[in-house]
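Take a look at the structures below.
Look at the two complexes coming up: chain A is in both, with chain B in one and chain C in the other.
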Partner chain A sequence: MTRFFDSDVFYAFRTSPVAICSLVVTVLLVLSAVFAPLIATTNPFDPASLNLMNGFTPPMEPNAFTGERFWLGTDDQGRDVYSTILYGLRISLFVGISAVLLAMVIGIFLGLLSGYVGGWTETIIMRAADVQLTFPSILVAMLIFGVAKGVTPVEYRDQMAIWVLILAIGLSDWVQFARVVRGATLVEKSKDYVAAARLIGRSPLAIMIRHILPNVLSPVLVIATISLALAIIAEATLSFLGVGAPATQPSLGTLIRIGQGFLFSGEWWILAFPACTLLVLALAVNLLGDWLRDALNPRLR
Partner chain B sequence: MLSFIVKRVGQSVLVLLVTGLVAFSMFTFVGDPIDNMLGQERTMEDVERLRTQLGLDQPFVVQYVRFLEQAAQGNFGISYRQGRPVAEILMERAPATLELAAVSGILAIVMGIALGVFTAIRRDGVAANLIMSISLIGVSLPTFLIGILLIYLFSVELGWLPSFGRGETVKIGGWSTGFLTESGLKALILPAITLGLYQMTLIMRLVRSEMLEVLRQDYVRFARARGLSNRVVNFRHALKNTMVPVITVIGLQLGSIIAFAIITETVFQWPGVGLLFINAIQFVDIPVMAAYLMLISVMFVAINLLVDILYAMIDPRLRSAS
Partner chain C sequence: MFRLSAAFAIALALPVSAKDFSFAVTTDPQTMDPHAVNSAPVLGFLNNVYEGLVRRGKDMSIEPSLATSWSPIGNGEGWRFVLRQGVTFQDGSAFDADDVIFSYERASSEEADTSSWFAPVSKVIKVDNFTVDIMTSAPNPIFPDSIANWMIMDSGWAAANNAERPDKERGNFATLNANGTGPFQIASRQPDLATELKPHAGWWDKVEHNLSRVKMTPIQNSATALAALLSGDVDFINPVPIQDAQRLQGNPDVKVIQGIEARVIMLGFDQQPGAAESGQGASDMFLDARARAAVAQAVNVPAILQTIMRGNAEVASQLVSPAMRGYSNAQSAPYAFDPDAARALAADAGLTGQTISFKCPNDRYLNDEAVCQAITGMLAQAGMDVSLDAMPVSNYWPELRADNFDMYLLGWSPGTFDAEHPIRFLGSTPNAEKRLGSWNFGAYSNARIDALLPMIQSEIDDTARQRMLDEVAKIMQDEVAYVPLYVQPLVWGARSNIQVTQRPDNFFILRWVTVN
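Take a look at the complex of A and B:
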């Protein structure tokens, strides 16, 4: 632990106000998502807690019929905007983090495999990566979502939507990981410790996972943070377009989609607060990723 | 040079064959086309007859080749949702997307280069620093939020510009254009800005960093020593030499303008191909999805190929390296 506090990376962190701020904001948002059921005033998806009379209450003002007050107002169905944002944040972060983990596992595995084994395995994997990179990843995610939706039976579509979304974003994002891991593996492969491991008869799988993997992880960490920001925005975009999280399990993107409908009638708070939350989240994670990339890259220091 | 071109064309054809396979698999594995075409009241004979008629009893490879033949002729089948040929629907929608993409592309290139040069020349000025900070926010804002923000400002609060649709259009031949009416032009402004903003910031930042690099070179110093005017040095000597990487990025971004048009078109309910694609995903309209995939992959592959060949022509080192 003391080794960590003495390290260059921690020093760079301690002296960068941007890094400290973005980490604090990210941690706060993650904590409020995790503890959403405790800090939310109501469970917005429990029909028993809703009162339609409370609909369209402006922020901080008492409702005309019931006299109840809501920090951030309520939407058309009388749901407290503050609580829906907390639950929406939960879904956004869950989808984003799971999608990045999926992309990471696929990318690391394929990257190690193509770097260590080489030959036609490498050719096939890297050609597939090239083909996928020809298209923007948001487009790939949309297509995967569309196909997966087509395959799931109609009655399960809403329940499965979150998982389909994770699959779509995860599969659209593995290429970065695979490329970096492959590059690092090619370097590590020729080192003595790999030759030694091979000499004592360890299996290729064990060499890849137990010996090479720990040595290629630091660039993976950087890409994972940057990917997380991109995945959160991708999830919000897909949900906003109506090809993501359904209205029964709204993420921040879905909330913005719902809020856009009330923009012209003057109920700005239904849209503005989820949009601000998304913005702050995306910006914080983005800055954190940028900082991490610079801190872990000795060439720039 | 010739062998390089042949190799790159070969790769492109391979990419197209793979995306074709993906598009074709969507037809084969997602839902049963027979189910989609025949209603509830059908007999086994009907099903068998249609299966033979459509060639669904043939081996996979034969069906795939048939699909490619049809797709190459622009025949993508009939939309499940609208019951009309997909090619017809796409042709109807294409002008809206192409006009939007063209306007925002030009906007991004012109503004991007101009602002890039400005921020590079006045690198320590207040205005330049302000532009750079705003551009940072522009990069991290999701496209759809920019669109909503613009709608809120210019449609809801100020009421200057329409928030959805294309306005009035004029039909010239098979092409419906919004360029010729006032409402058409007005409707174009907000979507074009939304779509072009990200590309603009990208081009601006690239031009700026390339310019800063070039302005440090000896030949620029030498040009100044010769007493050439600032304008000649900045534009004829410096800007010209930043153009190679800038053109590459512009070329590659052309494709993503079309892809990101999906988002802009949805925000502004712009009746283009992108909105069609989103609706196709929502209603699992496989023929439209497959046709869009094929169309956009042809475009992407063609752009990539063109940029690579142009690049090899400009920079001879690339030819021998491959």
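Take a look at the complex of A and C:
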């Protein structure tokens, strides 16, 4: 621990107000997502708890029929916008983090493999990555989502929707990781410690995971943070297009999609609050990623 | 959205004469062939280009069009139509009885989507060049009312262009081109982009409109269409998003034309014993009428109308609205909202603990997905577990035809404006051979209704006919065949210098449009 507090990275963090701010905001948002059931006033995912007559209540004002007040208002179904944002944040963060983890695992594995083994393996993996890069990742995610939705039985679609989203975003995002890890592996491979490990007869798998992997992790960390922001936005985009989280369990993107229909009629709060939350979340994570990249890059210091 | 408006703004900057008129629709008519697809967007649009033997006036009554008069033959063996002389098609060729015979053969052929309209017809006989006899297998007093959308196509034109039969799948010449006798002809057609119309100079009737050029643009997103109307890029849109109607009324540049559509929105149920072939969704939970009654009592329709429909719709009690002929006054009470009774009924019928697979379109009816979500919540409050699956209409009908549902949302607008129409399509046991029950996805079946339907169709005495219609309405209500929810509102928007006529079938008729 002392080692961490004494490190250059922590010093850079302490002296950067942007980094401190974005970390605080991110941690706050993550905490409120984790403890959503405790701090939310209602459970918006329980359809039995909704009262349709509460629909379209403006923020801070009493509803015309029921007299109930909601401090961020309600949407068309009478869902409390504040609680729905907290639960939606949960889905957005969960999907984002899981998708990045999935992309990271796939990307690191394929990157290490192609960098260390080389030859045909490398060619095939890297050309596949190139081909995938030519498609916009949102398109790849939609394709995977469509196929996965087609093969899931209809009763499980709602429960599976979140997992399918994670799969779709994760699979569309592994290329960045694979390319970076491959590059770093190529550099590390020719170093003496790898030759030493080979000499004492360690298996290639052990060399890749025990020896090379720890040395290529710092760029992965940077990409992971930036990818997290992108994955959260990708989830919101998919849900906005109506192919993501189901309307009965809205994520931030679904909420924005619902709210978009009521912009002209003056019910701005259905769109504005979820959109602001998404903006703040994506911005904070992105700034954090940017700062991390600078802090870990010795050439920029 | 912005790019689209920008494109419109550029188009608007060009000089336009006062009689140009442009309008936006949600769904582009998928074909120009009047016999290939039986759907409201296609038939509504083609009513401006093609004409039938009869047509509907501003009040929906039947009036002469290509036929000047008609009368029953003998004791109801059929109907004799006397055709209008001196009518020309848009390519200049003359209209006569051969075109009627040809159009009958084309529209009733196996390839046509309109063949069920001709189920009661046994044969069509050409008496002379301007007289046609349409024979029916049983007396059919409402037959002339049922063919207002049967459009007449030129036999010579179809033969010359190899379009003698409609082709739904691959399309043919008539899919992109049209040659009718109607007041407007197609000047250019780019599917899903724009369709331009110009007046048919040789039209037989008195011209009421003052349009010299008409442009139809499909705009799928209703908020985008609204933005186009507000900025003056289009002169007319249908529909106006219901949540925006009130605010628009305060805008002096545009006006909102509101009415009640003939369409009743309802819930249907899978009532077929045994699992469907696909093994999805379909279980036997709604075979029990108590289960269906539980749903009927759990749904708070007034609350849906108050919030989602913003007070713009009326509660429905049966499959037709009060404006239709044959509406049953005796059965005008809708199901009462009673969540406690619904909870008890659902438990009795064994619904509790099962997941109801609820299918819903999300681009077909006004606020359809929001209504389905609200229903999901209301059923949950009465102890029923619902899994809602909302999808675009292009996936929706195949899903219903494949039986992948326990419960579904359907809107029905009777094309004949008569209570007999939904009985034929939704109430009778499905029977492909007799062309009956073709939209009865849940296979609701009642022997008495099946027996009453032919009697209703051939009954000439109005009181006796109404008695039978009342009986059918009562059976369907008692057995909860469907749960009628509400009559859908019509909300059209136009620039304030535009005069239009709104009909409850939601057809936009260009010959009644004037630009001031």
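Basically, the second predicted complex is superposed on the first by the 299 of 301 C-alpha atoms of A that agree within 3 Å, B and C clash if a C-alpha of one lies under 4 Å from a C-alpha of the other, contacts with A are read in each partner's own complex, and residues count from 1 in each chain.
Basically, contacts are C-beta pairs under 8 Å (C-beta built on N, C-alpha and C of every residue); 3 or more make two chains touch, one makes a residue touch a chain.
The shown structure was predicted, so the numbers you read here are calculated from the model rather than taken from an experiment.
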A:Leu139 touches, of chain B and chain C: first, second, both or neither? first
Which of chain B and chain C A:Gly242 touches, first, second, both or neither: both
Which of chain B and chain C A:Met160 touches, first, second, both or neither: neither
Touching partner for A:Val131 - first (chain B), second (chain C), both, neither: first
Touching partner for A:Val25 - first (chain B), second (chain C), both, neither: neither
Partner chain in contact with A:Ala275 - chain B first, chain C second, else both or neither: first
Touched partner set for A:Gly261, first chain B, second chain C, both or neither: second
Which of chain B and chain C A:Asp46 touches, first, second, both or neither: second
Interface residues of chain A shared between complexes with chain B and chain C: 242, 260, 263-264
Interfacial residue positions of chain B with respect to chain A in the complex: 14-15, 18-19, 22, 26, 29-31, 140-145, 148, 151-152, 155-156, 163, 255-256, 259-260, 262-263, 266, 277-278, 280-282, 284, 286, 289, 293, 296-297, 300-301, 304
Complex contact set, residues of chain A against chain C: 46-48, 50, 52-53, 55-56, 65, 76-78, 153-155, 157-158, 242, 246-248, 260-267
Of chain C, residues touching chain A in the complex: 222-223, 226-227, 241, 243-244, 246-247, 280-281, 300, 303-304, 306-308, 355, 357, 362, 369-370, 373-374, 376-381, 386-390, 404
Parts of chain A lying in touch with chain B, wherever the complex brings them together: 127, 130-131, 134-136, 138-139, 142-143, 145-147, 149-151, 229, 233, 236-237, 240-243, 256, 260, 263-264, 268, 271, 275, 278-279, 282-283, 286
